[in-house]
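One chain, chain A, links the two complexes that follow: it is found with chain B in the first and with chain C in the second.
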Partner chain A sequence: MVSRTVAKDIITLRGSAAIVSEFFGYAANSILYNRGVYPEESFVKVKKYGLPMLLTQDDGVKSFISNLNAQLSEWLEAGKLQRVVLVIMSKATGEVLERWNFSIETDNEVVEKGVSREKSDKEIMREIQAIMRQIASSITYLPCLDEPCVFDVLAYTDKDVAVPFTWIESDAKLIANPQMVKLHSFDTKIHKVDTLVSYKNDDEWEEQ
Partner chain B sequence: MILRTPPPKKRRGEAIAAESPPPPSDRRLVIYDHNPPPVPPDSSDQFLCTYQCRQMVKADFVDALTTAEKQLHDYQSKLEALNQNLSKAEAESKKFRDQFLYTEQELVAAKRREQVLQEQLLKELNDSQQRFRKQLQSYNELELKLQNEMNLREKAESSAESADGKATLLERKLSQLSESIEREKRHLSDELAQTKSESKLSISRINADLERMKCKAKNAEEESELLKEQLEGVMKQFNECLHQKSEVEKKLSSFTLQDVTPTENNPLIKHLQEELRNYESEVQEARKLKSSHENIELLKEKLLEEKGRKERAELQLSKLQELQLSLNNLENELSSWKLMMKDIPGVSCHEDIPVKFATLQKEVIDSTMKMGEANARLKQMEVSLDLAQLGKQNAEAEAALAKEKAEVLKSEIKRIELMLSMVTDERDKFRSIINELKKPKNEEMTDEAANMTIVQELELSLVNKEFVIKELENSLCQQKELNDRQHNEIRLLNERLNDETRRIKSLEREGDRLCSEISLLESKLGHGDFSSANTKVLRMVNTLALGNDAKQTIEALQTELQKTKERLQAVEELKSQSGDTGKLVDSYISEKILKLKEQIATLEKREERVLTCISLSTQQANNYTSQPEISRQIEIFIRKMNSIPAFTANLTVESFNRRTLS
Partner chain C sequence: MDAGSLNSSSNLKGQSRYPLQEQLLQRRNSKENLDRFIPNRSAMDFDYAHFMLTEGMEGKENPAVISPSREAYRKQLAEALNMNRTRILAFKDKPPTPVELFPHQHSSSFNPVKSAKSRRNIPQTSERTLDAPDLVDDFYLNLLDWGSSNVLAIALGNSVYLWDASNGSTSELVTIDDEIGPVTSVNWAPDGRHIAIGLNNSEVQLWDSAANRQLRTLRGCHRSRVGSLAWNNHILTTGGMDGQIINNDVRIRSHIVETYRGHQQEVCGLKWSPSGQQLASGGNDNVIHIWDRSVASSNSVTQWLHRLEDHTSAVKALAWCPFQSNLLASGGGGGDRTIKFWNAHTGSCLNSIDTGSQVCALLWNKNERELLSSHGFTQNQLTLWKYPSMVKMAELTGHTSRVLFMTQSPDGCTVATAAGDETLRFWNVFGAPEVSKPAPKANPEPFSHVNRIR
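After this line comes the complex of A and B, so read on.
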């Protein structure tokens, strides 16, 4: 739920958390489609951020992403979420092939005092649109994923966060000597999200 | 004040003749002397006359007197006017004198100011020179320090290089030693293999000998058995003979009692005795053979033992020789090691080598740290050198500015001196004029006009001079102000420039540092590193994979279940078909059936558990927790007991019970 008045473009903490979690949902769907983790026919086109976005129709993936977004929204409202990483791994070997890193900077004053900020919704939408375009165009430089892949989502939270029932502690699933590409960022004045994709080095790909 | 002393009284004619020449039209001043000029003689003749002439002369005289009186009045009025003018001129001269004195004072003040300025300039020059010298000294000191630091750095580099060289040498030696050790190991392993092969050969030889000896022993045993059999036969014969002997002796005793004719029995007895002796001899031979056989066997065993010992000894001898050779080699190598260790300073035994390596590594690390520190100091020195150079440049600029200022001031001084010279010239002129004016007023008539002109000229010149002086002063002040402003501006600009350059350099350094930090952080960020003190990584349980895995396990369990059920059915059919075939078969089959049933039960339990896990993981958390039973269980197991495994175990048990009981 985004509590914002159209006239003044006031952004509250809850609204910003909803924007960010919604963005992550659509970004995850876009990544899964563009990287071919799931077949194209399992995706359906919808309009969002002024762009045609693709959403999966797989019930399992849908429920997974919706549960994930609910938890991310809760952590964002508490100001406890530092980073969200979507990891793409080889199904056969479990090797991490790509890491889509979404770093989050939270304005602690808003979390502590409950104040709100002002920013134009159009501006936020424009920034998110730029990121979505970059995700879509990432296939031009990212290596092809020829083998069947699976995905997972990691959440970097504060140390004092209580681990929910459906979550477990995990390792960071890092890539050794990755290539990194920094994408655009968007800022709601409460949460600033930086996007970065790291993938396995091309030389290592060729050696293998 | 023009004083005119009346000329001495002369004759009228002379006076008139003297006064006859009209005053010059230009009204110039004629200076009267006490010695008037000689009167021309012709003029006195004009006044020699008769009575009529006297009357005429009287009338003329009266007329002349009246005219003279009129002229006198005129002259008096003129004199008064001139006196007024004179007083005015005197006042003006006083003014001019005052002005002159004022200008003199101003000149003196300007001179003093100039002196003060010169002194200030000199002081500033001296200060700037001192500063310059100090900066040069500091620059030289910094250069010296830089050279020292460079030397230290070179020394450190050379020491680091030498340490590296030593380390490389030591590493090479170590590698050589390790190679030699490996060679020795290989050699020893080869020797060991050789010894093993030799031992195998010897073992094979021994085995062959053993077999031979076994064969021999078998043969000997067979022989001994044969001999034993012979012996037994012989013993039997001996016993028989003894028995016969006893019978014969009995018979003999009985015969001796009966006195039977021994002639027929004696050869028999003898024969029997001979046979007995033969048998005894045979028995003794057999005993001897037996003892000899036993001795032979003992000897054989001893021989074998001795042979074995001999072979062992030979082997050990050969090994000993080889060991001695290897020992000699090892001793040589050990001596070479020891010599090498002696070459290495600070190492007395092999255990010191790693310590020495560690110390060398520490030394290398320390030297690199020192190098880093020296580099940091060098950079600091470079920075200070740059600052000193900037200061030097500033000082040079300031010195140049001071020089320019000094030149400007010199030019000003020259101008002021010129002005002063001009003013002194004018003052001299004024003084000369005043002196001239102080002379007697005898020549008033001509002098007054000349005085007027002179005064006017003086006034004009004074006015011009004043104007010029004012203009010069104004220009001087303006130029001074301009110069001061420019100097101040230049100083401020220089200071600002220096500050800005320093700020720019510091900002550049900070920018470089920040860029390096940013790149490091970005690499860490992209890599996914995090601080475990502040952050933890959580992962949502991936129900998709879990579901797939669970499905796979379910499928596998189901296949196993089907297989076991089929087996069970087959066994039961077999049992039904062959019910009377042996108790063992029945028991075996029943056991197998029991086992299969147990497997089926376990598989079904596993399937139930997997299904419950899937149902647990795929259900929505909210719907799940909203159920009263589950919320109660959550309160009990998770919140109170703080144990998730207990909760899941309870859930599985309850679901299993539900499914099995239902």
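After this line comes the complex of A and C, so read on.
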């Protein structure tokens, strides 16, 4: 993917798509762990981005995320993916409690002409690391998820994308009157990923 | 009029002021455009306004020109109405729902594993009762043992009977003479084939149960009856009424290899630790000694590692914990009635529980963290305790006299107890056995045909 030059590395469209989908896999695992969607014991620590990242051991979740990532990679390479949203819903009521929104801006020139960009790998790692840290620290301000929850992933794509048979059209699963917190973003010079978490307004707190 | 003076002086420099052309002058500068509707047009930008009115329509596609608030509104609208060229897709196969481990009213995906284990059904009555006539009702003896070959040995009077648990058949191993009997202790060797029998006359006989023949007799170790036995590989440890504990190597001719002196009265409890490194002995002198094999003996008389004097009555019940090394549980007799836990390494007492009744025997559950104790007056019950909380999990009654002898099956599921009421009872207290015994059920007198030998 990259050739080691002095400071910057060459990033191709495919490489960038791989970085973004890999990022999404780890971010999703981190969110599931930190928000307590799955029990802590089902996660195992691995080293990634210079941080101890937690990955689920649950086979069902693992295969779900890897299938997802494969499809996201494909869409990213085609430049058709606009955003990925991880939704956390209450298991009992199905109400959306949290929405983790990863917007993706694709440099269309790269998609059309197949050129590559230059950016230091380390720089990208640093940016991703910052986002991961923010996700982990988000538990300090996000409301507690007391009830058992399930998660789902939505992909916002261009309309002209052919829907693979394993995917179905869905509604946006928005939260009414959400509180939003914008996290850091990272940029591979081909794809720019913005992270935003919106969550249900905690009624107990005074509305300002 | 004043407006004219507000204009930048550069505009007026190149112009001569004609009184009649005053108005025209002002009109040249768009900023001076005045009329009675809008007296002051200095705040207006005519160039821009003109542009917006005429070409502004096409500028909608050019995001640079649109004001930020307009842009945000457009985006919000598009998102809400899904007018963007966006498709929202979700994966068809949903991710698995997490299994709940914390208590919740919704029982749909309630994790059954944890609850099933804690609510293990412990039958309150014995699964099977066998007749055990002539069982000597003496607290200090050890007349029951279950071997690793799944054969139970019980000493009734002068005879030792073997009961095969796999088929329920009974056989007599030996009947000794009246002069040297009765049998005061039985203990299976680790191989489940050889069995040691301690006698009232201080001798110990060694038998091969498969060949049904006696191998040797150990003599000269004790001066009175041998009430307790414990095996450690090839070492048979014998405890006598004389208070002595002797390690016998059964393979060699002069079998006495070590003597432990310390007890002043009969040694009734004798147990090797699972590692085989330490021996716990309990005596009628209310003392527990812990002996360590690694302590070298100079003249074959070894000093104890610990002397535990907390009990106030005879200590016969001793049990080493299978899941925690160096943990010993001991039970005191009628005057003490407590179960105490010891750290065998340091000799400190970790816990003491008053059970309210004489503790005759103790057994640890090999599969769970539980302890079973057998008692005497008044209930003659078996109590199952949760460790380490020492919460009573079950109390099993059935015996009508103190439950003196207790042993567990090699698979760790069944416990056999014998009491002075001349019954041998089996309890599925440690869990249901996986293989159902083909033996006839609840036969109250399987010993009957053997009984008639007398």
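What to note about this one:
We adopt the following convention: the second predicted complex is superposed on the first by the 195 of 208 C-alpha atoms of A that agree within 3 Å, B and C clash if a C-alpha of one lies under 4 Å from a C-alpha of the other, contacts with A are read in each partner's own complex, and residues count from 1 in each chain.
Assume a residue touches a chain if its C-beta (ideal position, glycine included) is under 8 Å from a C-beta of that chain, and two chains touch if they have at least 3 such contacts.
All figures in this text were calculated on a predicted structure; none of them were measured in a lab.
Aligning the two structures on chain A places chain B and chain C in clashing positions. By the touch criterion defined above, A:Pro178 reaches chain B but does not reach chain C. Of the two partner chains, chain B and chain C are each touched by A:Thr157.
In the superposed model, A:Val37 makes contact with chain C only, not with chain B. In the superposition on chain A, A:Arg99 contacts chain B only, with no contact to chain C. In the overlay built on the shared chain, the residue A:Gln82 is in contact with chain B and with chain C. Touch criterion met: A:Ile168 reaches chain B and chain C at once. Of the two partner chains placed by superposition, A:Ala17 touches none, neither chain B nor chain C. In the overlay built on the shared chain, the residue A:Ser198 is in contact with chain B alone; chain C does not reach it. In the superposed pair of complexes, A:Val61 makes contact with chain B and with chain C alike. Chain C is struck by only one stretch of chain B after the chain A overlay, and of the options 42-50, 132-140, 168-176 or 492-500 that stretch is 132-140. Residue overlap on chain A between its contacts with chain B in one complex and with chain C in the other: 60-61, 64, 67-68, 71, 82, 150, 152-159, 161, 163, 165-172.
Residues of chain B touching chain A in their complex: 522-523, 525-530, 533-545, 547, 617-618, 620-621, 638, 644.
Listed in rising order, the residues of chain A touching chain C in the complex are 37-39, 58, 60-61, 64-65, 67-68, 71, 82, 91-92, 147-161, 163, 165-172.
By the touch criterion given at the top, residues 60-61, 63-64, 67-68, 71, 82-83, 85, 99, 101, 103, 150, 152-159, 161, 163-175, 178, 180, 182, 196, 198 of chain A touch chain B in their complex.
In the complex of the two chains, the chain C residues touching chain A come out as 79, 82, 85-101, 104, 106.
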